[in-house]
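In the two complexes below, chain A is the common chain; its partner is chain B in one and chain C in the other.
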Partner chain A sequence: MAFRNLLERQRNILDYSLQNLYRRKEKTLFILVIFVLLISVISSILFITGSLTREMLSTVSELPEITVQKIQGGRQTNISATYLSEIESIPGVEAVDPRVWGYFYLESLEANFTIFGFDLDTLEESDYEKLITENPKFASGKESNNIFKMVVGPGVYRLFKKIAMDDTFLFFNPNWGKSIPIDIIGIFKPETELQSVDLMLVQTEAARKILELPTGQYTDLAVYVSNPEEIENIARKIKLHYPELRTITQSQIQSTYSSVFGWRSGLVLSGLLVVIAAYLVLIWDRAGGLSQEERKEIGILKAIGWDTDMILSVKFIEGLILSLMSTILGILLSYIHIYWFDAVGLREVFIGWSTVYPSFKLVPHIDLKYIMLILTIAVVPYCAVSIVPAWKAAITDPDKIIRNGN
Partner chain B sequence: MRYSTKLLMMVMVFSVGISVILIDVMLRTEQFNTSGALKHRFQQIVSIPDLGITTAARYLRHYSLSDSTTPFQDYPVSREHFPAGFVYAPPDYSNLSGRISLNPLSKR
Partner chain C sequence: MLTTDKVTKIYNQNLPNQVVAVKDASIKVDEGEVVVLQGPSGSGKTTLLSMIGCQTKPNRGEVIINENRVSKLPDRFLNTFKRENIGFIFQNYQLIPDINVIDNIMLPMLPSGIPYKERIVRAEALMRQFDLMKRRTFDVKNLSGGEQQRVAIARAMINQGKIILADEPTAHLDTKLTGEFLEMISDLKKHQYTVVISSHDNEIINHAVVTKIYTMKDGQVVS
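Now for the complex of A and B:
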């Protein structure tokens, strides 16, 4: 019976708090909208950066253990084939793969493409089945002995379709005198779009011609090391023997990805600063005190026999309902924004001036740690600043408050 | 109807919303895991890193392979020329032998 009474008492307090919020519905709605906006901005940034980091880190283990670049005059330059056998002879090195890759800027479309030289004949049948959709215009393209063939990313194909070059693309540079036609034998499947969107996987000999790479020169070297313990040592050896070379290890790329959207990134920092500033204004307004009407109300409640702790409970429940509801609503809205509407509005920040870019179909990355952080930052201080002015009013003589209103 | 009953109804609506989102998270994660093998094979074939989320400049497209002076060389007047550049924190340059300083010689 006593428990039932206690429950009914709490329910009455809850009713009174909700009634209070409803009575000042303009103010409640205003705070709710501001709160939801703030929470959704910060959670949108956390969701999108978390998802992109997850995508980046998901395949990092497949990258070569060491990438070797040649630096000349502070810039990366072509690397000579002579390094190949010398690096291969370092104990512990499993294989050295010379790579031919670079970029092709297509002025008419203002688009930048990545060209990667690869011997397409070495691709297995299962790779074609899993990764590549055949170009209907070159159904048997993969069997041809033609060296002028390539597989393109979905973004490249979309652009080429617009200019009616979805069967054969003519690479042209005024210096060459004539164009280089390359057959598009396949398109990478949409599952790999985030990585392959701007990619042209061109037969190595043809890629060399397009990138104007002289014989015996490569873009960089991919060094494969079987024992992970030896990677750092081998990278150090390469740098020691050839100071003109720069090495980038797999773990270095991993650490780059781990901190890519860290506090030092402009996006996170600017988002956070705006949200923190707006939140402080909201808190400042709340902590500034109660309106005359609210103080009078507390005075009346005290006069008719309410305890101070009951008044504080009412104010605490008001703050808790408002902040908790806004936080949940804000997080739900930002999830819908990022994952159902492909981050429209925010993705443009990442795309920048790119002409070729992927659709932002991302894998959700809901980090419980961040959800708890948002909840703690949003709910706890708001409830605290809701209680303090009410407590100040509640400990003042009711007579004084009702008469003077302060 | 009492206000607390209305609140309970609202909590139920919120719970349905959260459940829908949780189911969506599970479905999308499942889809991501299914395409995992495919992505791994792609990465083995195309051994260059990074996502093509921005292709405006080479140091943004393959930013984990870019050297620390690349942005300056692409556009010497501005520290960051391409708008998407502000999104990323600088890559791990821990393999560089020393810091790059742009102070005038007299100030050193």
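Now for the complex of A and C:
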């Protein structure tokens, strides 16, 4: 066959495949809709996991190399300031920061907040402008006192606004006998929301009062190490010298987060397994099995001189067009779902750490390996499913198919 | 031109429902002849015609067309041979109902990679010959029985093969349409086509255009 005829034959195959998809509009549309939904659910889960993992990695990189906690009776307890200088003297340790933090449960809002003690006056001007917006209500005139002030996450601010406490919040505990008023001088910018949604960055002295932490005691110690190769060694030394202390390295936190996201995405995927299986059975039935008319058509084509490979090519291209189109549409749909509509319906599963849910803006992150994975699980099996029954019909005597088709 | 040499076709061989459809059938057809295979239903006419038309292979014996032992050809070559030499008009026409007239007629040309313009020229020539131009873009399912038959004949002739095989072509036609069909066959004969028809319709069997008749009974050619 001349090259020109060969090209024309390929064009004919493509034309006939497109014509078939158009002729069987209902079937095409049915498979397309089911396929698009399935692909979009799977890719949504992969996208959200990918973006959160990326977010998590960038967060973890800012954590101290080693976090040191005191363990008493199998649980974490306050750590004494005396450890500070002792750990600082270990060779390789660059700095040790004592930290004051904890949680505060506000019954009236049924919300749990993270309180972090911090000397707000030490915050660099540039960092302040980058991370924090001034509280418009507070900036309008009041003068903040030096000790009882804080910066809150956007989720906290939204809740406080509801109860009209968006300039000064009154912390109250029946044991204290009186409330502690803390001025809200700023709000974290929305781009930090995933990390800061439920956070209250409170002036350290005030945080101590709210968390009832005695002077000379801290929640934990952040240990900074200049040489990353030394982190594990130093963590080992700390544990060796102070068996009552627990060390958590950056890489341990990273692997815990990874497994949590992996576990959550796995959980959602396995929850969807039954639905996915049902979809696949449906698609197998509708796409894979040939109808009486389709079988007869293959018989007719064979009877008028079509080659088996041409019939298979037609079916392969039909499957390829349909599955590729579904995959692209499904991926687009999930992109819109995750990055434009803030993963509505899925976000709670993945970021439900706190009762204050962040208003969720993920940075788009499309990993090529996810696209390849989706293409592999969608296109390859579907094309195979399309070809096998057509092949069975195409190798049968056309005479037999046409007679049975009558 | 066309011979079958003691061909036998057994369906479901070695199974409890085994059927010997054709047994040791030998016929000979010369170029330009119009031959009828006649016989009652189940006598093996359609099966013999299918073997001649390369739709199924015999279990024994040989089909020889233009000195080619077609029953021994591998599938790849058989399809090319079939496209280039044989046009088949099936019982019930076997058109694709939701494709329009011109596309149905052009279907046998697609595997050969004949350029689109040439396909259109050939198809339109046949549509004019069979008075189908007005129905050109109609889906075949919307045509009358007679029109469908003409589409089936046009499709059988599109690849310009010189052998036309027709299986019970008038089974569903009235007397007028049967007459029209026989006129078309006469026309084909004038143009040196070789035609083999399987039929038990007396109007065909007794028509002057027919040059030879083979009678079949219980899968065998009896006269």
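Here is the rule we go by: the second predicted complex is superposed on the first by the 356 of 406 C-alpha atoms of A that agree within 3 Å, B and C clash if a C-alpha of one lies under 4 Å from a C-alpha of the other, contacts with A are read in each partner's own complex, and residues count from 1 in each chain.
Convention: a contact is a pair of C-beta atoms (placed from the backbone, for glycine too) under 8 Å apart; a residue touches a chain by one contact, two chains touch by 3 or more.
The structure presented is a predicted model; accordingly, all values stated were derived computationally and were not measured.
*Asks:* Which holds for A:19: it touches chain B only (first), chain C only (second), both, or neither?
*Replies:* both
*Asks:* Determine, under the contact definition given at the top, whether A:297 touches first (chain B), second (chain C), both, or neither.
*Replies:* second
*Asks:* Quick one: is A:161 in contact with chain B, with chain C, with both, or with neither? Answer first, second, both or neither.
*Replies:* So A:161 meets neither chain B nor chain C here.
*Asks:* More chain A residues touched by chain B or by chain C?
*Replies:* Of chain B and chain C, B contacts more residues of chain A.
*Asks:* Tell me the contact category for A:400 with respect to chain B and chain C: first, second, both or neither.
*Replies:* After superposition on chain A, A:400 lies in contact with chain C alone.
*Asks:* Give one of first, second, both or neither to describe whether A:196 is in contact with chain B, with chain C, with both, or with none.
*Replies:* Touch status of A:196: first partner only.
*Asks:* Quick one: is A:4 in contact with chain B, with chain C, with both, or with neither? Answer first, second, both or neither.
*Replies:* second
*Asks:* Touch check for A:260: first (chain B), second (chain C), both, or neither?
*Replies:* Only chain B; A:260 stays clear of chain C.
*Asks:* Just chain B (first), just chain C (second), both, or neither: which does A:137 touch?
*Replies:* In the superposed model, A:137 contacts neither chain B nor chain C.
*Asks:* Does any part of chain A touch chain B in one structure and chain C in the other, and if so which residues?
*Replies:* Residues common to the chain A contacts of chain C and of chain B are 19, listed in rising order.
*Asks:* Over in the complex, which chain B residues touch chain A? Could you list them?
*Replies:* Listed in rising order, the residues are 2-4, 6-7, 10, 14, 17-18, 21, 24-25, 28-29, 31-32, 35-58, 60-65, 67, 69-70, 73, 82-92, 94-95.
*Asks:* Show which residues of chain C lie in contact with chain A when the two form their complex.
*Replies:* Of all residues in chain C, those touching chain A are 46-47, 50, 53, 55-57, 75-76, 79-80, 82-83, 88, 90-92, 94-96, 98-99, 103, 107-108, 110-116, 155, 159.
*Asks:* Spell out the part of chain A that touches chain B in their complex, as residue ranges.
*Replies:* Contact set of chain A toward chain B: 11, 14-15, 18-19, 22, 52, 55-56, 58-64, 67, 69, 71, 74-76, 97, 99, 101, 103, 111-114, 116, 118, 123, 127, 130-131, 153, 155, 188-189, 191-192, 194-199, 201, 220, 222, 235, 239, 246-249, 252-253, 255-257, 259-267, 270, 321, 325, 328-329, 332, 335, 339-340, 349-358, 363-364, 366.
*Asks:* Can you list the residues on chain A that touch chain C in the complex?
*Replies:* Residues 1-2, 4-9, 12-13, 16, 19, 23, 296-297, 299-308, 310, 397-400, 402-403, 406.
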